[in-house]
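Structures are listed in the sections that come next.
Across the two complexes that follow, subunit A remains constant while its partner is subunit B and subsequently subunit C.
This part shows the complex of A and B:
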């Protein structure tokens, strides 16, 4: 069942602890950037795709989530083909696409609150040195994911309002009200965070 | 639970948003009405310490909202005018769990309480929905659930039926009427105040009337007609 950024399921990736998934993703990223042999990179890409689909996400939704990033990867690969060689382009495409699919698989099998908990745990040792407040960083991650769709929706409303008034949609006249409204919302959101007991001590 | 204002004043940049207010509230259902900018929201935000009095004090169940801020806040839940702003996490069940985590509950209890509160408000089917995709009524119910899950004694709702259609308005009216918790509602929806114990009318930062609903609403209409 599709529920949000993560999907419910009991695939091996769902059952794996968040930290394990992040460590494996990090290791895979290093491995993919060390290797330049297509005999390894092509199967790695295939394996990443199988792993992503094994989460139970379904092909259409899986493609919908990564198509924009894969299109960007394709552009990067095309640039490599234009300026270097076909081999270099294929290496870049396989490497980056595999990484995108692996990251998407982790996202699809990990809830935001689990991510936030893990970030808090990982950063807590740094609190002793006064570098960060771990809970603040994890909350910031959660807030970004939560409010990005709101900001896009607000941008849509502003551009619709321009059209309704017969005004041309220009960056200056859309971004300025967007920033002002977002900052106004930020005040209320900060107040709501307080009201809901964050930083009680 | 007793809420006591003792000459509580709020001043912003030299302008009084709330003139000295002395008042004790203990009723189960309290309504607050008034024109825009009359001081209603400021008065309500004083109760859970979101706004600090610039003069006087406010106590909730004997706890000062400044000196005992965290403890006093734990006794009150607040629903904002736009409940979307108070949904902090993207998935409803995760957002409900957020308040419990902040209060140090363990994993098992968080799951149990979250499930129970979703069932209480009949929104178990929305547990894994993205909050920005919820309808107005669903968002309002989700926000109420996310606040009441932590067990406050008092729930403050700031214009809870604002921007809702008739169906969702009726749903929220029924929900508010059925809450066992003490409730303070700021509203322009006068039908919501049916059966309330006490209604406060604010005007230009002062308490202009304090009475049973019918009398208070009459006073409010007279103010609005001027």
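This part shows the complex of A and C:
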């Protein structure tokens, strides 16, 4: 039920190391915000679109993933057109959509485990100061992925229980039992984790 | 954090993810559909307190960043952080923390009911709305280029929906404090 957004393939972006991709994305973001010349921004948008589609993602799926963010970009561009000028609207539209497409390309070519490895590596220096333990972060990520389907099923059970009793399904009457039932499991899960010695020092 | 705290944080992050899977509510008098996910941000602070609540939100944002479609409407990936509304996501983290600070400081189990309700309402409105907008609106304004004032103004459409969520968070926060209190044992 919780599947990642990465797509298998062997495009140049797939083969790049995660850190390289993130650094390039960050650099591109800074670059896009410094430049406000349409002669650079329009080709940049074209290049981002080509890069995103070169990941082997189909056109339809590619659009489905970014349509919400692109919609907000369009709204912002429309506001610029309505209150300022067409030029300003085009600058904002090209800049933001290029950035969105590049970010989507990084997500499409990086697997969850590759990201987690990179995050673990980035957290290791912090570990020395005692802020956070990288192993705890991956444990927590694993727990969320494990429990989302279960909590979703529990929500279904609670709404069924409402219907069986002829009660209207209201946010409040479903939310409170969902939260209490879920959090009550914490003790048993924590005991199970400690019993297996996952968090040994 | 103890193992139990980590599990509580992870379970609450999972609840926030599930809230995003539910169909959005549409209320007759508000033009925008309301997603329950931002309600999860207020609840994280009201129920788990500042540190664990903020950690739960941060965990959700981490899942988004590594490419899981866990935001409402199946959104996810780095593209969400590149869009003009990313400031609101950053605001979620600080919002949950502030919400938790207020709830931890002022909500007591032996208080009269009304005092508990008012505490959770204040926590949700200040943390879950004011702080979130404090990050979201300037970010949106910066991303909008020259039309920053107009877009900032337009983002206020969401305030009525958020006020309803704050009200639900108040009722739910009080109910959980009465049924399964977690706030007193701070992380």
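A few remarks follow.
The definition used in the following text is that the second predicted complex is superposed on the first by the 131 of 201 C-alpha atoms of A that agree within 3 Å, B and C clash if a C-alpha of one lies under 4 Å from a C-alpha of the other, contacts with A are read in each partner's own complex, and residues count from 1 in each chain.
Note that in this section a contact is a pair of C-beta atoms (placed from the backbone, for glycine too) under 8 Å apart; a residue touches a chain by one contact, two chains touch by 3 or more.
Being a predicted model, the structure only gives us computed values, none of them experimental.
In the superposition on chain A, no contact is made by A:15 with either subunit B or subunit C. When the two complexes are overlaid on their common chain A, residue A:143 makes contact with subunit B and with subunit C alike. When the two structures are aligned on the shared chain, A:112 is found in touch with subunit B and with subunit C.
Judged by the touch definition given at the top, the superposed model places A:103 against subunit C, while subunit B stays out of reach. After overlaying the two complexes on the shared chain, residue contacts for A:196 are found with subunit B alone; subunit C is out of touch. When the shared chain is aligned, subunit B and subunit C each come close enough to touch A:5.
More residues of subunit A lie in contact with C than with the other chain of the pair subunit B and subunit C.
When the two complexes are overlaid on their common chain A, residue A:185 makes contact with subunit B and with subunit C alike. Once the two complexes are overlaid on the shared chain, A:27 sits clear of subunit B and of subunit C alike.
Once both structures are placed on chain A, subunit A residues 3-6, 111-112, 139, 143, 145, 185, 189, 193-194 are touched by subunit B and, in the other complex, by subunit C.
Those residues of subunit A whose C-beta lies close enough to touch subunit C in the complex are 2-6, 25, 29, 65-66, 68-69, 72-73, 75-76, 79-80, 82-84, 88, 91-92, 96, 99-104, 106-108, 110-112, 115-116, 119, 136-137, 139-141, 143-145, 147-148, 151-152, 155, 171-172, 175-176, 178-180, 182-187, 189-190, 193-194, 199. Interface of subunit B with subunit A (complex): residues 48, 50, 70, 73-74, 77-78, 80, 82, 84-91, 94, 97-99, 101-103, 128-132, 146-147, 150. On the subunit A side of its complex with subunit B, the touching residues are 1, 3-6, 8, 111-113, 139, 142-143, 145-146, 149-150, 153, 185, 188-189, 191-198, 200-201. Residues of subunit C that touch subunit A in their complex: 1-4, 6-15, 17-18, 21-22, 25, 36, 39, 43, 47, 59-60, 62-63, 65-70, 73, 75-85, 140, 143-147, 150-151, 154, 168, 171-172, 175-176, 179-180, 182.
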